[in-house]
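After this come two complexes, each holding subunit A, first together with subunit B and then together with subunit C.
Let's turn to the complex of A and B:
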């Protein structure tokens, strides 16, 4: 370590170019921290999943071991099991030039949480509590729209026949 | 093709110009002899269309609406075209076939009729083999349930598929319940020579793990190297030595590496892909189990609790079984207890399962999944015993439309060589399909213990920390017999 540091210092001092780090071997000093370039997106499952399963969209290059380590080390989430699959994005749609447009492929990971934890995807768009004014305004608007539709339809006694039809 | 017909005045048959319809097959009647009530009927006094003799009044005015067109010719009195005997009165009974739903239509009534036809076929099957053949005739993709699985919380899923209630701990022995008294209760155990049995077990263990020179086990084949042969040796020697005390063991049959299969329906789902898309199908399951050892006996073990007992709740799963993970495959729908139907030892006594290398304790401890260790034992016990008892019930002629009238009881020991877990299963119901489970209050019950070590360690030619409790429980399992014996 003592030998490494002067080398680093020398490199840093010689014009501020990028420092050359010694090769890391198990047990050696950890001089660098690597932040992964992966991102995981928790999504709402399309079909009902068990209570302990969370569904993620992950980068195509991630493996099951990567996902487990990512969640355990960065977010302290106990992971019991991970299963992944790759979702093929369709290539059927065509643009205005009649060229095929591909939807991108993505990898889906189903993570089962350990230690008996459960997860339910939250409702991101809950119904807002409406106050008195908003509610009465909504009612009024609904009634007005209904009346307009009734006028459009015409006299119900005519049974849907247009009013220009007749004598 | 012209039908053969006698020559009648009026010329050959000709097609009527009036609109043909099935309700008036009189269109096929002869012109001159059209009967009253049919279209184109010529009134007796009116001019007939062709030169024909004067039409006689129709003896049977409405009989032209018979199903058989042209049949009115047969009923004409005085003219017998097909027989020389005098006109026989029609036999009593319904003239028309019963009005039932179609057999091939795409309707719920047709589907129900096909199902009823299938149920009737299986009910009226001549033999058990025929019944099993018809039961598993239709092959469709089904979930393969593995009793020994790495899936998390598998025992909860398996209990839901098999409608089983799990009760921790073993049921109290029947003798202690009937004669409450320390002397009577301890009598079966007191004159057991525990020392001899212990020495049998230690001999088997030492022989396999210490005395016998074996090569290093192949990769991931540790269980076949030492615990497998030890278990076989232990069970065979214990069963042989306990034959005197339990005559059922003397008449039993010990299977090595038998196969146990069972196929059943539970729940409903909508078919997602394929030419059958959109149809409602039952969810099919198949268990293919290979216990390490199995004891089959000619007499049924006694019931532990009455048939209609309710000892707990069955877990409810609201999503598809494929999320377990569980996979579908289509192959033969087999129901098998380890021997064919004609075998006299058609009831089950005890199964012995060996946990494979993939599900060893150490692997779970390394992966921080200690709570899943017991799940493996429980799932194995529930699934294997359900398959075995249900297959035994099917061998006696019961199935999901003909539910069991007496409970089927079997036992199992699940071990990985050192740790032993004991399970007891009572099958109260086979009716797990959607229609039959609606009004079915019965549930299957499984009692089970946690896994306990039989010994601590084997070193230098001796077994350290031998646990007599586990051996005693094993011996009690083997001594279990019906009350008559």
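Let's turn to the complex of A and C:
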């Protein structure tokens, strides 16, 4: 496993600290990581993408070559091209103490599949048959919300005028 | 063991991981092997590719909760071979990616994510594997070289008088040509001794306060529950 080469043993990140990799100099060996801890998640594209393009959010430390190897080796997906960009997370929202709250930055990768494959992001929340309990609860909730909206609009018998006016 | 597909020796804990493992392996061998009838295949809009592994079993799409087993314990992992741990790591990594995809999609669709505790379980399992591998590496290194840590280092003082463990870093140039490194001070001047003394005093005060509090708490408990007091071992 990872203990095979003494130089690689230090690569593991301990308790969230930055991983230390052995120094690379010209002619040196290729760095190989035995148990990569990099995450990669598929996202639904905000802007419609061509059929062969898949959009991912990846770890900040991953490069295009890393992403290609990751998909080919771990997921067995043929990759033709990868393009990446870093999305800056805004820092202008404020919490209850009036301190600025930062949304985390993340790296987006646009992967074009090889061998003419296509990908369409699936619908992960299809409508399913609700059981009786869920249906009755939904009905109850709908009625309650309707009532609330009626109160907001005002009594139809008074012509929709709010309660504030008149008697 | 003979009934499982070749190359899989992991004793599966999680029902999902089981189906995922068998699903993964059979995807690769589809062209050659006639699949058994008990395996259910995914007929989805996705074209045949490994990208299906970023998503859960289509039966679970739209469910409110998804059943899953417990996280892997360190004691259980210590009994596994290194190969098994290696394979388990990748299974857990793919599971983590799938759960993160689901989390992001649920945020996008403004729906609750089904069973978010699965993420914590997977993260805990991966952390445990890391610990077990570290233990094994340390043991091997101690036997082979006599060093406990992978990277050598030493105790050094910084300019504020604090003592810390400095790990050596790999540089392409020697230290006397490294301008940034030469600017760092690994010693402190005599005027700092006063502040070291103050810092020590603060540390001792905090420790004494903590120990006093603990003693008071024990005394109160002893008064409230005398029948639960620990009897002394001496005769």
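FYI, the second predicted complex is superposed on the first by the 95 of 167 C-alpha atoms of A that agree within 3 Å, B and C clash if a C-alpha of one lies under 4 Å from a C-alpha of the other, contacts with A are read in each partner's own complex, and residues count from 1 in each chain.
Please note the rule applied: a residue touches a chain if its C-beta (ideal position, glycine included) is under 8 Å from a C-beta of that chain, and two chains touch if they have at least 3 such contacts.
Predicted model, so just to flag it, every value in this text is computed and none were measured.
Legend: residue contacts after superposition of the two complexes on their common chain; A:57 is shown touching subunit C, with no touch to subunit B.
In the superposed pair of complexes, A:112 makes contact with subunit B only, with no contact to subunit C.
Touch criterion not met for A:164: it reaches neither subunit B nor subunit C.
In the superposition on chain A, contact of A:81 is made with subunit B only, not with subunit C. Judged by the number of subunit A residues each one touches, C leads among subunit B and subunit C. Residues 78 of subunit A lie in contact with subunit B in one complex and with subunit C in the other. Residue ranges on subunit C touching subunit A, taken from their complex, read 27-28, 44-47, 49-51, 53-56, 58, 61-63, 82, 85-86, 89-90, 93-94, 96-97, 100-106, 108-109, 111, 126, 129-130, 133-134, 136-137, 140-141, 150-151, 169-172.
Across the interface of their complex, subunit A is touched by residues 152-153, 318-320, 323-325, 367-369, 371-372 of subunit B. On the subunit A side of its complex with subunit B, the touching residues are 47-50, 52-53, 78, 80-81, 83, 112, 114-116. Partner subunit C is touched in their complex by these residues of subunit A: 1-3, 6, 9-10, 12, 20, 22-23, 25, 34-37, 39-44, 54, 57, 71, 74-78, 113, 117-120, 122-128.
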